[in-house]
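As written, the chains take the letters A, B, C and D, and residue 1 is the first residue of each chain.
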Amino acid sequence: MSEAVSTKTGSGARLGIYRMMLEARRFEDRAHQLFMEGLVRGTSHLATGQEAVAAGYAAAMQPDDLTFCTYRGHHHTLLRGTPAGKLMAELLGRADGVCGGKGGSMHLTWVPAGAMGSYAIVGAHLPIAVGAAWAAQERGSGQVAVCFFGDGTTNIGAFHEALNLAVVWNLPIVFVCENNLYMEYTPIGSVTAVERPAADRAAAYGLEDIQVDGNDPDVMYEVALTTLAKARDGGGPSLVEAVTYRHAGHSKADPATYRPPEEVEQWLKRDPIPMYRRRLSESGTTEEELLQVEQKVESSIEAAVEEAKASPDPSVASTWTEVWADGGFRWRN
Amino acid sequence: MSEAVSTKTGSGARLGIYRMMLEARRFEDRAHQLFMEGLVRGTSHLATGQEAVAAGYAAAMQPDDLTFCTYRGHHHTLLRGTPAGKLMAELLGRADGVCGGKGGSMHLTWVPAGAMGSYAIVGAHLPIAVGAAWAAQERGSGQVAVCFFGDGTTNIGAFHEALNLAVVWNLPIVFVCENNLYMEYTPIGSVTAVERPAADRAAAYGLEDIQVDGNDPDVMYEVALTTLAKARDGGGPSLVEAVTYRHAGHSKADPATYRPPEEVEQWLKRDPIPMYRRRLSESGTTEEELLQVEQKVESSIEAAVEEAKASPDPSVASTWTEVWADGGFRWRN
Amino acid sequence: MAELITYREAVAKALAQEMSRDETVYLIGEDVAAAGGVFKTTPGLLEQFGPKRVRDTPISEEAIVGAAMGAAMNGLRPVAEIMFSDFLATCWDLVANQIAKTRYMTDGQVALPLVIRTANGAGVRFGAQHSQSLENWAMSVPGLKVVAPSNPRDVIELMAASIRDPDPVIFFEHKGLFADRGEIPEGELVGDLGKAAVVRSGTDVTLLALAAMVPRSLEAAEKLSAHGVEAGVVDLRCLVPLDTQTILAEASATGRVYTVEENPRLCGWGAEIVSIIVEEAFYDLDAPIVRITTEHIPLPSSDPLEDAALPSADRIIETVLRSLD
Amino acid sequence: MAELITYREAVAKALAQEMSRDETVYLIGEDVAAAGGVFKTTPGLLEQFGPKRVRDTPISEEAIVGAAMGAAMNGLRPVAEIMFSDFLATCWDLVANQIAKTRYMTDGQVALPLVIRTANGAGVRFGAQHSQSLENWAMSVPGLKVVAPSNPRDVIELMAASIRDPDPVIFFEHKGLFADRGEIPEGELVGDLGKAAVVRSGTDVTLLALAAMVPRSLEAAEKLSAHGVEAGVVDLRCLVPLDTQTILAEASATGRVYTVEENPRLCGWGAEIVSIIVEEAFYDLDAPIVRITTEHIPLPSSDPLEDAALPSADRIIETVLRSLD
């Protein structure tokens, strides 16, 4: 695993990345609290601890690039530029939610930001992202599709089919496996034939073996720049395994007692946010600059929470809209 | 690709393997003729040219080992010991067919011989074979499951899921990819991310890279012995890519005009049957012995054809039997 | 002595009962072993039966269900969990094309005594891809038996019957019922597949319901009583085999039938049963049979929308009363 | 001038018409390009539109259908071929959970103008896994439009309409009809989804049929005429949207309705339509509606068995006559 600290990331980009990670973290923390208050219903899967992956890529992507992610996708959706208030409102099932309350925490889409959906059935979005990349290639749009998924996802058939087709068609797509060591409660090592669930499979698709430190935002930013450029320049797909860790349980229902305390402790020490703050500090960002960013994030997410809370319930009538392109649900003449 | 001629195969085994290949070939030739006469209905997929793979494995397998194969499975089913007459009768849709006419050419099963089915939907039988191997392991039965499939099958998701699970559970199973260079009409190279569709994927499951000459029965027999022994001794799965060629089209409807004539010609020169006959001759088998085997095969398959032709149509009433274990089809009380 | 247990506890109890009885019964699925299941329906089984008989799998639904099929061909009686019934779609070829058809295609050579258990249904705000009621998918495929219990006792009795059945059974556990409690008697419990239960008798109208729609129909029936309408409620329990005897008897008795279906409108189990009643008891009908279903829409996640989408007791009451006007 | 072409030629013609009109229409699938399709439904398209717009894929149904979905999200109007409709099961998650639900789940942000074409139906001795009639699978999933033409002209008109439709369409081409010929007029042909056709009028009974069951019903209707029974035949053409207007009008006119369904018995499209008629035209019915279907069995391969399994003209006639006794 590459442990090298990037020197490419300029200080402006770095502060932006720091801000992004904070935004994602703060969003998740607030989502968690709102869940505890009974305001987020259904389920929710937090990405706390995994912010560096999302920030590194989001910072490197072009505005019209396309993100496909999973139910653990608040961070990706937010960092592509989805309005935080509308995102939080969706978690709360409100009218102003990005999907009008129809989607919920697991199904966030905001097309204007290129956030093409969080997909809640493991594996399904890999072939879908392949399709988006195919359209980009055919239309010559210059877009790259970036598809995020977990370590557990590498064992489902759709992973295999998507990777193969993407390579055969040489599509502008980057597959990013966020290896957080667990599927839901089961350690990935106990159900996977190889040690590195994504990287050890790259060769099966003729791809380079890339495993990186998913808790290092500079490393993530750098691999994002490289893989995006490769895709955009006609060099085809990449498969990146970013090793990271989720701080909390799989979903809101999970106390995550199955994880050895030392493991958790060790990874909490590698929390990307304080690590990165230290790095920024050490490389010249002033405490004032950092505090300013932090306050800004704090208040912007707070505003988002307020906006979400203030949003009304969706109208019951909207239950029956948007099944079809005509806006309705009629299946008969 | 290993080109070494085995020295392990004893001359008795060799004559047996020769006989098996002849049986398979003769069976396919007659099936083809019967199709031309309008007696084989539906479709049929001949394995002409691929006999060495089936013979090598069938010769090496124990009687209670289990074979799972595809619609291109006459050869595998026959060589495990399924009565040829009952097999041919199934192709003709007759009452005495192995499946009473319900299965047809693509769906041949003969449990008494361990021929656990030819599966006509690509990929499906790989996880099923995994399950049979799992039961063998749990019951301590000592059986090995051998699962045959084509090159095209390596690109479907079920392949990936089956390989991974088999390795994680360390099951007694051998996956044999009969790489005949084509899926239906499409060259495998044009739709696959790697050059060797199975062998180049072995590492993705922590398996050894094994590609062998699928037209050399000695090589096949040897790799069969090795992989079966490994599985039986608790050494877990193997993935074998046997490179071979089908002499005719994909199915009875296919004149196979998409294949370069030189390619066909070159492979016809490598027809495993005359090659093997020569090798047997050169290593001491007498012409008389060979002719005797050939005549025996000829007459046994002819007898099978007669038996099949003599078999009546299934009774119409059998249309409604064996949906359920009670023998019937009633879904209501 | 009778015991009060939850629907989710009943699942574990049923599995333990059958795994104790028959050592060829195995349980596999994602997070079923160490974690005791994501719905906590299988806790304690790993400890009781060990890591071979209760086993975690990768996220590989085709491999899970395929493994169950292959194992059933070779001497085991596997129970495979597909975590949410929606995920049956990811292994539908194995379920609908292989498992369902293999006995027939082999003319009876291959028996497949296996159970696929899966969490089905809505009401927990999980949205369109984790809330579907898919009993009709299974019902439409010849060769699959289909069970969907509405209470803890039925969970045990029908699970035991399913595991002992020589044919493949798709066993739908309802997510919205997991916390419901019910009484169960002591000792081994085994039921029969293919028997509906008249859980409330009523002379005016008949409500045909399944799984979570059973308590909802009972609630509606109680309230209808106050409106002077005595509604019978039939818990179908099994869709295949289907207890057409009970259905037809109840339908003929009242002449006014309603299905209460959680599934979207088109081609639900209700459509099938309506068609059977119409063909076989037409002249006993006093009025059109009315299907009370979710509209033909995917399910929304937000509370008020999900509540509006599913058949409610109020909607049942209104529909019945309006039709009696 | 009118031209006589086969059903399979109509497929290629329709695709060519739409691909010429709209350069965002793409065709992908196994063996669709160089080989012109295993049913020879797409010959010439590669030559006419080039290797980018007509493209062979690996055997990866999830990738094929997923690629179509992703491409539809990003500016193309893809047509994906799934070789046999039975194989829809191998990508059913993508079809039923993703494609069908995405517009709704995103509250209309994502449109999915795509077509999945697939060879459906029996009669060619391919056995249980290559012969299914699965229109009801698609009909049961909210968010999918479902088309199943019975003749060459409808193939063209409905394919054009499907490709132009802003919603996902599952387009069932019937294997048993590929060689059938029919007349088509000159020029661009575009039809409407959701319009049934009364292909034979009849005052005594109404036969509701789809795809290959349409010619079979017509044959039966001709023969019934000799028995003094005038049978109307409705070609449903589309199951979603469903032309309930035509169905209800015809049902009410004769009061005696029969569905003629190739699918196995339980939860077919017929069950749905019977239920609609019963609910909305109950008092116009003179007799029970009878469904003429394949029994609830997988399909056998052998000729006499397959023939016995499927609804035949004789069975239609007998059923009608018996019910009129």
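The working rule: a contact is a pair of C-beta atoms (placed from the backbone, for glycine too) under 8 Å apart; a residue touches a chain by one contact, two chains touch by 3 or more.
In this text, all values refer to a predicted model and were calculated from it rather than measured experimentally.
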>> Between B-C and A-C, which chain pair is linked by the larger number of C-beta contacts?
In response: B-C
>> If you average the CA coordinates per chain, which chain's centre is most distant from that of subunit D?
In response: A
>> Roughly how far is subunit A from subunit D, centre to centre by C-alpha average, rounded to an integer in Å?
In response: 40
> In whole angstrom, what separates the CA-based centres of subunit C and subunit D?
Replying inline: 30
> Using CA atom averages as chain centres, what separation in Å is found between subunit A and subunit C?
Replying inline: 36
>> Counting only residues that touch at least two other chains, what does the list for subunit B look like?
In response: 100, 102-103, 107, 121, 123-124, 155-158, 161, 164, 168, 190-192, 318, 323, 329, 331
>> Touching at least two other chains at once: which residues of subunit C meet that condition?
In response: 57-58, 60-62, 86-87, 89-90, 93, 97, 104-105, 127-129, 142-143, 240, 265-266, 296-298, 300
>> Going by the contact rule set out above, which residues of subunit D touch subunit A in the complex?
In response: 26, 52, 57-58, 60-63, 65-76, 78, 93-94, 97-98, 102-111, 113, 142-143, 165-167, 194-195, 240-245
> In their shared complex, at which residues does subunit B touch subunit A?
Replying inline: 155-161, 163-164, 167-168, 190-194, 200-201, 203-207
>> Help me check something: in the complex, which residues belonging to subunit C touch subunit A?
In response: 30-31, 34-35, 38, 56-62, 86-87, 89-90, 124-130, 265-266, 295-298, 300-305, 308-309
>> For the complex, give me every residue of subunit C touching subunit D.
In response: 86-87, 89-90, 92-93, 95-97, 100-101, 104-105, 127-129, 136-137, 139-143, 240, 263-272, 274-275, 278-280, 282, 285, 287-291, 296-298, 300
> In their shared complex, at which residues does subunit A touch subunit D?
Replying inline: 66, 98-100, 102-103, 107, 109-111, 116-117, 119, 121, 124, 126-136, 138-139, 141, 143, 145, 157-158, 161-162, 164-165, 168, 318, 321-325, 327, 329-333
